[in-house]
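See the structures that follow.
Shared between the two complexes below is chain A, which has chain B as its partner in the first and chain C in the second.
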Partner chain A sequence: MRTYLTRRVLQLIPLLFVISVILFALMYSIGDPLAIVMNVPRRPSGAQIEQASRRLGFDQPIYVQYIYWLVGNDWTFIDFDGDGDTDEEMHGTRRGILRGDLGTSLITRQAVATRIGERLGNTMLLMLPAYALILLISFTLGVISALRQYSLLDGILTTAAFVFYSMPIFLVALGMILLFAVAFRNWGLPHLPIAGMGRPGEERTLSTLLPYMIMPVLSIALVSSAAYMRYVRASVLEVINHDYVRTARSKGIGERRVLFVHVLRNAALPLITIIGLDVPFLLGGAIVTESIFAWPGMGMLFIESLERSDYPVLMAMLMFVALFVIVSQLITDLLYSLLDPRIRLS
Partner chain B sequence: MERGTVNGTISLDDANRKHESLLQLVFARFRRHRMAMIGVAVMTLITLYVIGGSFFITERSSNSTDFQNKWGAPSAEHPFGTDALGRDVLARTIYGGQVTLLISLLAMVVTAIVGTTLGLISGFYGGWIDSIVMRVSEALLTIPLLFLLLVITKFIGSQVPAVKVFGREFSGSVIVVIFVLGFTGWMGLARIVRAQVLSLREQEFVTAARALGARNLHIIFRHIMPNALAPVIVYTTLGISNVILLEAYIGFLGMGVQPPTASWGNMIQRATEKIDSAWWMWLYPGGLILLTVISINYIGDGLRDALDPYSKK
Partner chain C sequence: MSRRPLLLIVLLLCALAAGNVLAQDDLRVLRLGYTEEPDMLVDYTSNTLLGWSMFRLHSQPQWGTTQQQEIVPLLIDEAPSYDNGGIVITDEGTQVIKFTIADWAVWSDGTPITAADFVLPYEIANDGVSQVLAFRMLGGLAGSVAQGETEKDVVVTFDAPNPDWQYAAIVPLPNHILREGYEADLANGIGFELNSWVRQPTVSNGPFVFAEWVTGSYLRFVKNQNYWKDVWFDEVVLNFYSDVSVLEQLMVAGELDMTRYILPASRAAELVAANDFLDVRTSFGGVRLELEYNQGPNGHPALKDQRVRHAMSMGIDRQFMVDEIYNGIAEVANTWWAGTPWYNPDALMLPFDPAGAVELLREAGWYDEDGDGVAEAHGVDGVEDGLPLEITATTYADIQHYQDSLLYVQDVLADIGIKMNITLHTIAEIHGSFTNNSPLATGQYDAYLVAWVPGVATVATFGPYYCTDIPSEANPFGLNGPQICNERVDELWTSLSVSLDQAEREAAADEIQVLMAEDLYTQYLVNILYAATYNKRLVWEASDVSDFTPWLNIADWHYEE
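== the complex of A and B ==
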């Protein structure tokens, strides 16, 4: 087990390296960040732009920039005024991602780690309840649908799942706004706020946040539950016809116990893999949801940074997401072997 | 495709039908899938709508702005209302639909070509080519697709000038979106094809072909590819609906097809500005996207059942 874990962790290193090279090559060419950085009321002179470019290392070839990003540039000198002589040179200040320095945002001059940190919590505020809801909805409806296979209820649930599975998330979100915010207000009913996280200046507590969270959480949950419900149904249907379920029944075990102990436990196994692997990919859905509901999370940060070519932020975010994906793959594998004694990791 | 060659998917029952080609068999099985047939009917109607519509409404009217009539509710003159610049939503769903359907079809063609070729080569030759293809696909699969798409669209961005096809001008972003969507979807397909090839290349008919002196390329494209085609067809069909959704997302975020060229995705972009009144801005394009995606998903389901009856859903 320990050797397996060590080997898996060691395998992450080359993978992360490949990812970072691909991403850096993309970032390098997404546009001139200086064109935006320098876009201040008093237009800077050409010399100032050149100086800034040298300070940020943009004058260096791409592989040098990559090395600076990776291990920092405090071991080298920056030729600040570009005349090639040594007396005005200064030390680099970056320490590189390998030494825990994610860089500095080109726009806000904040440390990237701070910038991501203040948004990550907001995204988790949407993701965690959404995930709990997804598990609840998909398991309940999937099991009901499987137990009543080919009934009217099963037909309705299966069709609804197919529709929501094909649904662009903004359609659910906009529809919900139309109903819960606009129509409810017109009918004089209690209605939900459309966007943001609360009134400005108001102190944020869970109870003030809750109305703002309902619609984004529901849109994410409804669209994602549909896909999982189909899996749950298929998985339960497969298990339910196995001999050991019949044996359990013939031993006189109650229907409820058969369902929860014999059927669900086995049906849930493949689902753990699917759902576990999908966790980070929900972040993709969060981009659209957050931008509809103006929710200041990771998705919004990504869009803002992309629009302004703030590549240190983008780079750090994408690496973070990639790491998140890889780690959840690892956890999923470990969890799977824990729950299914037939699988031994070696 | 010759009879009896597709992955042993022909059952005894099917084989007893007389004088039926594989294609007829597949078609007969497909027709038994009721929802898939409804899907075909709906897709035919949508295609008629976006192509036939252009005979009644000119492209100019889909792009002409009318600032007196911004955010106009549906009326006799504008049955689907007008958008943030006073453009006719009905006309834009027609021309936007053409762009969206064109993008998704062409993007899937690119994906199919790239994915199948890489899968064939990597499965057949193995070795370092296989390692590179698999490592790169692993790395790309690790980043959620929407993030990757947005970064690459931005990267190629507005560098592509507008193009004229059949006297109509398309924003260069249409081409960018086609290629970006096409080149980011190959990983899954390449892996499926590779797995197929790994088992196919060990079979007797490949040995026989090699014994007869066939070259590698001949073996790959004439003997292995036709046998690996069924999952490719299913994957690409279901892929089209996926591409439509992704195009809608990047269009909605303003990074996709650039105005004035309409697409179902970018039509919804400004809908959030007047969310409390202008429901027609998103309901019509959004509804069309939903209908199209559902239909294609059902068609893909039907194709899977028809081509590969033993597959588990």
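== the complex of A and C ==
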């Protein structure tokens, strides 16, 4: 096991390096960050833009910019005035991602780590309850659906699953706003807040936060549960007809124990792969849901950064997700061996 | 299936919703809605329009300037003038402007505002480390700011006479708070833009003071108790909602008092039509839709013929665009200064006349003989016979109404025999540099539907059509992508920047407009008006003072009794 783990961790290094090179090249092609930064009412002159370009390091070739992003530029001097000579007094200040410096936002001039730190907690507040709800709904309804295969209830659940699965999340979200916030308000009923995370100036507590969480969490849960429910149903149906389940029943084991110990444990294996693939993206936030409900999380940060070509923030976020995808896959593989003794990692 | 879980969920929803019935408090809160947030709250270091505009909500300069170039004193009792000796042209050719800060002008913490507070931003702008674009200080003109005889006297010296000295408004920064930290940072090579103050300016001199910024969610300002006049609202909250539909719902629900510059004009008009408690007020902030014709070597040869350009102008019904695409919240434009006090009504305004346009094209040698609906060249000098009048065009992929406008132009030009093929690019791509292969800088299209912001306050703001400003390897950020060049226009534009003779300047602006309307290298289409959609319970006046900011009279805004 230790050898396996060491090998997998070592594999991370070249993989992350290749991912970072590809992402950096993609970032370089999304547009000229200066064009956005300089898009102000009194557009500056070419000379002023060039000066800004030198300050931000955009005058360097892409591979040099990549090296600065990777290992920083505090070991070199900057040709600040553009006369071709580096200015002795103006050395770089960046330390590079390998030394823990994710860079500085081109737009807000805050450290990228601060930008992400401000939003990550909000995303977790939204995504963890949503994911818990997804698992609860999908496992409960998926198992019920499988146990009552081809019944009326199974038909209803299957239809509902297809409806929600095929429905874009913005439609669900806007529909909820229209019903629970706008219509309820117009009808004089208690209503939910349309968007945001709380009232300005109000201290944020669980009770002030909950009303703002209901609609975004439900939107994500309803749409995402549909697919999961179908996976659970299919997986349970496959396991339920195996010999060892029949044997367990013939041995007089209670139905509940058969279900939880023999059926669900084995049915969970393929689901772990899907969950393992999905979990890292929780960190990336839900772009559409966060945008509609003005939930200031990672998804909104991603969109804001993309619109403004704020590539240091984008790079950090994408590398963050890439790292978690890889780590999550590793954890998934380890879980396999725990759940299925037949699997040996070596 | 047991109904209990479902019932529990419904009960939970109802309980939480009931708990959310908003408690009405006594605070008077002005609630504004935006789709994006500013980058920072200090003008000098901000790179966004909103950041620039927000600065004036909490900080004010010594004076504001109306579009008629009149000074409105804000932190001073008397405005400088040539008559009172406040403005002097020296023998060395410099222009010296002196003003005295009023005794009653104080920061929100009660500290008097002094000359040191005006000198500090000047030093920041010139320290060589802080990222402050030159035009942020003294309008980009060479000059200096210093203390005069007393700590209340400020002296601004321009290296050369500046006809637009009125716009040299300086927003002070609290020296007593910032000086020490700024100098320590500077010694370590850290610029002012990295100072946390630029996002949390907790002491200011405007009607409101920064209180809280929950990024991605809202920005809150509270009343400045030391402001020189009464302020009606206790708080101003800027809420950020990235989805315009949500913003509209909040306006309809009465949870927002105003959205400014955000809702596209057409949507604002629809919203107001459907809700009688909402209204919309418009103002021209300088954004103008224009179709620039590529005059460089890559441009279609037909576009180099003035008659073809005139014909295209006659084929486009700009009033239709105003009425149908912008629901009336726009104005027909025909010159660079249309919609400003510098507008010259004598500039050529070709009428909408598709039949006349076809005739003019025929006269220029472009007409359809093969019956495919597209005109082709017939005996045009330097053009091979049969070359179709098929042009390429681009506009911003990020903004829907630009696309709608270009689609309209494509449609009507087809009626006069001109085929237009459209490709979209993002704003960042279009206005990128020559070295970044920007479509505009490298002349990849025949026509560009773009917007420049000429500035409504002064005529001496940049001109993007200088012959010397054509982008190239040597000048990658040149603004004159369409390679439009008229040396007389260049000469006149230069005189606007240096002449102190008001009549001479007005004549120059007039002539520029006449020449450009004749040349028609750029087809001005419409002025897009800023639409402030607001709840009628809010009583407010638009401020005519100082560029784009509406905040200079916000102290007087209030709810209807």
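We take it that the second predicted complex is superposed on the first by the 325 of 346 C-alpha atoms of A that agree within 3 Å, B and C clash if a C-alpha of one lies under 4 Å from a C-alpha of the other, contacts with A are read in each partner's own complex, and residues count from 1 in each chain.
One rule holds for everything that comes next: a contact is a pair of C-beta atoms (placed from the backbone, for glycine too) under 8 Å apart; a residue touches a chain by one contact, two chains touch by 3 or more.
Everything numeric here is computed off the predicted structure, so don't read it as measured data.
Trainee: Could you classify chain B and chain C on chain A, in the superposed arrangement, as clash or fit?
Mentor: Clash: chain B and chain C overlap once superposed on chain A.
Trainee: Report for A:330: first if it touches chain B alone, second if chain C alone, otherwise both or neither.
Mentor: neither
Trainee: So, A:314: does it touch chain B (first), chain C (second), both, or neither?
Mentor: After superposing on A, A:314 lies in contact with chain B but is clear of chain C.
Trainee: Contacts for A:197 in the overlay, against chain B (first) and chain C (second): which applies, first, second, both or neither?
Mentor: second
Trainee: Which of the two, chain B or chain C, is in touch with more residues of chain A?
Mentor: C
Trainee: With both complexes overlaid on chain A, does A:107 touch chain B (first), chain C (second), both or neither?
Mentor: So A:107 only meets chain C here.
Trainee: Output check: A:281 vs chain B and chain C. Expected answer is one of first, second, both, neither. What do you get?
Mentor: first
Trainee: Could you say whether A:181 touches chain B, chain C, both of them, or neither, answering first, second, both or neither?
Mentor: After superposing on A, A:181 lies in contact with both chain B and chain C.
Trainee: Touch check for A:135: first (chain B), second (chain C), both, or neither?
Mentor: Once the two structures are laid over each other on A, A:135 reaches no partner at all.
Trainee: In the superposed arrangement, does A:245 touch chain B (first), chain C (second), both or neither?
Mentor: In the superposition, A:245 contacts neither chain B nor chain C.
Trainee: Is A:301 in contact with chain B, with chain C, with both, or with neither (first, second, both, neither)?
Mentor: In the superposition, A:301 contacts chain C only.
Trainee: Among the options 206-214, 422-430, 476-484 or 512-520, identify the stretch of chain C whose C-alpha atoms clash with chain B after superposing on A.
Mentor: So the stretch of chain C colliding with chain B after superposition is 422-430.
Trainee: Across the two complexes, what residues of chain A are contacted by chain B and by chain C?
Mentor: Residues common to the chain A contacts of chain C and of chain B are 30-31, 174, 177-178, 181-182, 194, 291-292, 303, 309, listed in rising order.
Trainee: Flag every residue of chain A that touches chain B in the complex, lowest number first.
Mentor: So the residues of chain A in touch with chain B come to 14-15, 18-19, 22-23, 26-27, 29-31, 162-163, 165-171, 174, 177-178, 181-182, 194, 234, 280-281, 283-285, 287-288, 291-292, 302-303, 306, 309, 314, 317-318, 321-322, 325-326.
Trainee: With touch defined as at the start, can you tell me which chain B residues reach chain A in the complex?
Mentor: 135-136, 138-140, 142-147, 150-152, 154-155, 157, 241, 245, 248-249, 252-253, 255, 268, 271-272, 275-277, 279, 282, 286-287, 289-290, 293-294, 297-298, 312-313
Trainee: Please name which positions on chain C make contact with chain A in the complex.
Mentor: 1, 13-14, 16-22, 29, 36, 39-40, 45, 47-49, 52, 128, 131, 133-135, 140, 189-190, 193-194, 198-199, 211-212, 214-218, 220, 235, 237, 239-243, 245-246, 249-250, 252-253, 255, 285-286, 398, 426-433, 436, 438, 452-453, 455, 461-462, 464, 469, 475-479, 547-548
Trainee: For chain A, which residues count as touching chain C in their complex?
Mentor: 30-50, 52, 55, 80, 89-91, 93, 104, 107-110, 115, 118-119, 122, 144, 153, 174, 177-178, 180-182, 184-185, 189-201, 207, 210-211, 214, 291-294, 296-297, 300-301, 303-304, 307, 309
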